[in-house]
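In structure tokens below, several structures.
You will see two complexes here that share chain A, one where it goes with chain B and one where it goes with chain C.
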Partner chain A sequence: MRGIRAMRAIKVWKIRSLVQHAGFIVMMYGGRFGVHLGSAIPCFACPFVPGCGGYCYLMGLQGYIGFGMSAVAAGGVGLLAALGWFALFAMLVALLGKLWCGWVCPFGLIQDWLSALRRAFGVRERTIPRNTARRLTRVKYLLLSGIVVIPPLATAGILHEDFYLPFCNICPGKSILPLFAGEARYLALNLDNRVTLGFSIALLAITGVMLVGMFFRDRFFCVFCPFLALIHLLKPITLLGLTKEPESCIGCGNCRRVCPMAIEAVYKERVSRDVQGDACLDCASCVEACPSDFALSINFSKLRLFRSSRDYVAELKGKFGR
Partner chain B sequence: MSRERVMTFKKSSLFCVSFSLFLARTLLMPEALLAADKEMNFLRWRVASQERTRDGGMTVSFELRGPSGTRWEDVEIVCRAMPREGVGTARSYGDPDVYRKRASKNVTIYSGRSELIELLAEARVGDARHYASIVVNCYGESGKTDPDAEAIDDAPLWPVFRVDTGSSYFRAQTGTPIELWLEAGPPFVEVFENGATASAAMTSIIERSPSGKYSYTSPHDEELAKSGYTAKKDVTFVAAIPGGSVSFCLPVYRAFYGRTSLGGGLVLLSSSAAATLALVIGAGRRFPWR
Partner chain C sequence: MNLNLNLKMNLEDKEIGIPTERTLKILKKASERAKAEVEKNLKSLAEREDYSPQFDYFMKLCGGEQTPEAIERRTGRSAARLLCIQAPIELIHAAGFHPYKIASGSQAMTSLAAHGLPALMCPMIRAVIGAVLESGPGSGTSPVTSPWILPTTCDWVAKFPEMLRSFGVENRIHWMELPHLKDGDAGQARWLEEVFGLKKFLETSGAKIGRKSLADSVRIYDDAWRALNRLAKMRREERIANVWFMLIAGSFFLDSPERWTEAALSIAPSSAPPSGPGRARVFLAGSPIFFPNFKLLHLLEDTGITVAADDLCSGERVFPGAVACKDTSEFGIISALAQRYHQGCLCPTFIDNDRRVNGILCEKRTAGLRGVVFHVLKGCHPYDLESLGIERILKERGLRFLRIETDYASEDSQNLRTRLEAYRRTFGGERDEL
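The block that comes next holds the complex of A and B.
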């Protein structure tokens, strides 16, 4: 009985925080300890961080799409290597789905730190008007299409060679994450040529917007993140996901209130069990906050990993005041 | 002082300065280098092409150049291939595989792994013995070895420039000091920028430091900066040694973030953040229900 109580005392948000910080250390400093997880990591493991523990797949995708062109022209193994990295990425996504975003991503953790700072200052979170939010969700697909289309144009010589990593060149992760390894050079304007100057201006302008946005709004950058779009496209093969039992829902709206991405679909869905939208991070905040037994759950294939429970919510309120 | 006297004084000062410069150059520059300045009598490598093969490997074609109109004899070519090992900042270069290549002015190396290739050559021209070396990064993925390689136990003990390649990713860049050394090297080394040919004038002379190293910073190049990230130039170092010369060709790439403005960047970042902050606060005041 005591064992069960001890187990119940371990809260999911605590485990998540622990995993996030461990993920941050591995992704940011792993290379310094000889840990390198390859080029297919489905989160912002930024290659511009000196001594990082793996490379974000978006960089690999841009690189392989660009260089894959020459591999296709040569008809060679280079294309197989590109497909191999994609297969590994797809496998990692199939296994953990968007846990990569909600539980591992170092840039996600930085956003959570900024949100915690906002709460510490007693500043209220800002909301985005519904119509604007709907329009903004398309930006991540636009960025993803840029990632796919621009590198081959650079390889083919239609665009300047410095367009070869278009997303990295405007990704705020590139300017912010290396600061944690003492690297500030990406906060500078790059005066080499017009292309590098244009990209560095865009990067710094976006970084400024994102820093403020991430302070006032939970997971603001995730609204635009092409990883969410890419992982969502692989949803049919993903084993891990969020489901809802509509008949158990009492309509309290807790799921909508605690969601860092302000997703309404989980609350509104009354028919389908599948409530995993393209913006969901699988952070499990909604499951934790749901007071109805079995209404929401995180599942791995048919296995239920964590489900909503009235007792859990009561315990959270009693013990942690959340 | 009359105007004529001033003019005479100016002329004589100018003459004195010019003569001092000439004297300093003549006295400070070793005789061998002066001779080399007139007739660049050395052997050197350059990369002719570098491309991926159908099997995922890489081929690099090198061209050996030397004093024109002379007969080269006893040409020997040896390759040292140093694999990259480890991950992250713990990366290093492993023990080199050493092999001999067929003596020719045009040499093609096949690389099937991630490695740093060092190509060495020796040739006799008349009574003089000349040595040349070059380093090139290769990123083959086929796992195959060079089919024309004849493995040998160890590289010959030729005089060769060594360059500090650091650990993980050696890629010499403009604007970054390059440190190299040559065992029992001369006090001065000539540097030829951008693949200068024998007929071209040498670019500069670098002096050996008390620690025995030569340090050189290849200047940023406007044309290189305008080109893409793979743009590079050949920088050749030449040392006159007793009975010949030693050259070393190093491909130097455009510096990533070579010419930057951190101050400008921070101003832009702050402006962007301030504008966004104003927008957020302004929107909050106009629509207080949010």
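The block that comes next holds the complex of A and C.
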């Protein structure tokens, strides 16, 4: 508790921004100075970026370290390897939870840059109507099931072989992130066959929609990101998370207003301490903006890492949600 | 005092516009009494042991002239008069006005507005009516340049202009219909409309409210909130007396926020307070308390009860502050303000106000409080009614609860003192050295 109090002078949003940029450099350019963190990174460390510093686990899950037919075809060893990679992924998630999304993910940072650009222009942030938003939350689970189901079908020959890596083929990370390493080829149409052409047209369309969406709405892509679904499914073993003391909440609504994912549940919760929903990025903006001394906190298991306080809000001097 | 007014003192005086000799006499007498009341209270403040010249600025504000004209002279902006804190002051400020919440704690003023009004009535509204009659807002330029901005909070506010009209005083009023269910979408959407309506109204003065001016105003009031929070913290640590805190908070609207902030930041904490077991550190909740009616505050202090925190709309809640806003577009700021002033408000006029008690429970932990004194102004029904539910919850949480119902009159002082002393004794321990 004493330590936390001393930390109050440090602004969490500044640390977060620093970590995000460091994460960006490691994930995007790590390979260029000999860093490669393996194939189980729980964020968009895109393998299509030349010289990247690790591989996104979603790629592995679809491909050579997934649980699909390729693992079965490789015999027991393949399955064991798949389990091993999953265990590593689960451990990384258990330790840091959605910090991977809010604090590390390079694609998340690009979205934050676009939001900053929107703010600089004074353009109003668009909201997604509540009913639409509720329907959209299902998309990430659909994508996740596609990631698990489609590659084995491709391996088994039921689907065309180019359905291997179905998610990567439509992931805007694949088209946008390599641009930062001077690689623009994934924006071109792939004329190999009808499947690849279809995928590349879809990717271009999705990239366009996402770029527009991400400019007008904070973290627009995260709404659809299968990582959020997958990490949320591992919530029972995740140590890091957001909790609320509903009996300390005065209902000012700051948490709801600064949330990049426009989550309302944190504001509305009146009973449960568990407010870590599937859309939460653990970015801690709500904890920063909460003027109640006990209401919100980010915890690692039983250890309270950062707790909301009125004094912290006063010292923020209006720098909310950066 | 401005006696050139369009004033009908009571219903017998048929000749509106020409004050009768009797009217003038009553006015003059009330005005003198009010002045004496203020001077007596200022004098007692100046004679306190912990008085220091750093409080002079705030004493001068609270004791000085508070007419719109005086406010306009002081701030260099046209005054926009408020009775509550539901209309976003940042928005009003961004339009070039000085938002100014009129509140009066003057006993003399309540008697001035005695005729033709309900016997059991909010003394604050009665005193404000008295002050309006005394300063004569029906004359000169003030009705045009200084509009009233009135969200329909309690019935007293809703009927306030009607009551003024019964005295022959017409005012320029902009109503904001306040949805009393604040947690639902319908209410919030409705209120946002009202806030945009206010923007439109303010812009009829020729001002243009833009992103830049809004952001500036939010920053100015955020600075002020930081200064207020600093003082609240000092009070929690007993480095400033509650009476001074209330005086400073109560003077907030009487000068430009920048000047007030500067003065508030320059207040130095006093030396470390006495400590030990058995100290009666309490939370002060309920109806607002305005200068010069500091009767209850003095009585609390005299009986050895230390107010370490409050949620009065004349104290820590004098303006909401801490408006978090990530969407810094014009719409984003206005909608953030609308939400902060509506769903974030803890006024008992709201039906779904169940979270109000959470603020008190938080302070119980932060400030180590052991009791709650709930102040009800006679006639202030919303607070009166809400005290029932709050009492039950707080007692369950082990806080000693005392409900004090009083008004501006000093006759019940002895009675209150006895009750407060009995309450003080329930805390055990020695009486604090004062």
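Keep this in mind: the second predicted complex is superposed on the first by the 299 of 322 C-alpha atoms of A that agree within 3 Å, B and C clash if a C-alpha of one lies under 4 Å from a C-alpha of the other, contacts with A are read in each partner's own complex, and residues count from 1 in each chain.
By our rule, a residue touches a chain if its C-beta (ideal position, glycine included) is under 8 Å from a C-beta of that chain, and two chains touch if they have at least 3 such contacts.
Computed from a predicted structure; not experimentally measured.
With the C-alpha superposition on chain A as described, chain C and chain B fit side by side in the combined arrangement.
In the superposition on chain A, contact of A:185 is made with chain B only, not with chain C. Of the two partner chains placed by superposition, only chain C is touched by A:293; chain B is not. Of the two partner chains placed by superposition, only chain C is touched by A:253; chain B is not. Touch counts on chain A: comparing chain C and chain B, the chain ahead is B.
On the chain A superposition, the C-alpha centres give an angle at chain A of 160° between chain B and chain C, rounded to a multiple of 10.
Applying the stated contact rule after C-alpha superposition, one finds that A:213 touches chain B and leaves chain C untouched.
In the overlay built on the shared chain, the residue A:123 is in contact with chain C alone; chain B does not reach it.
Annotation: superposed on chain A, chain B and chain C show a minimal Cα-Cα gap of 9 Å.
No residue of chain A lies at the contact with chain B in one complex and also at the contact with chain C in the other. For chain A in complex with chain C, the residues that touch the partner chain are 119, 122-125, 130, 218, 246-254, 257-258, 260, 270, 285, 289, 291-295, 310-311, 313-315, 317-318, 320-322.
Within the complex formed with chain B, the residues of chain A that make contact are 30-36, 50-53, 70-71, 74-78, 80-81, 126-127, 129, 160-162, 164, 175, 184-193, 200-201, 204-209, 211-213, 216. Considering their complex, residues 52-56, 86-90, 141-142, 225-231, 254-255, 257-262, 264-266, 268-277, 280, 283-284, 290 of chain B touch chain A. By the touch criterion stated above, chain C contacts chain A in their complex at residues 183, 185, 211, 218-219, 222-223, 225-226, 229-230, 233, 320, 322-332, 336, 339-340, 343-344, 346, 354-356, 358-359, 361-362, 365-366.
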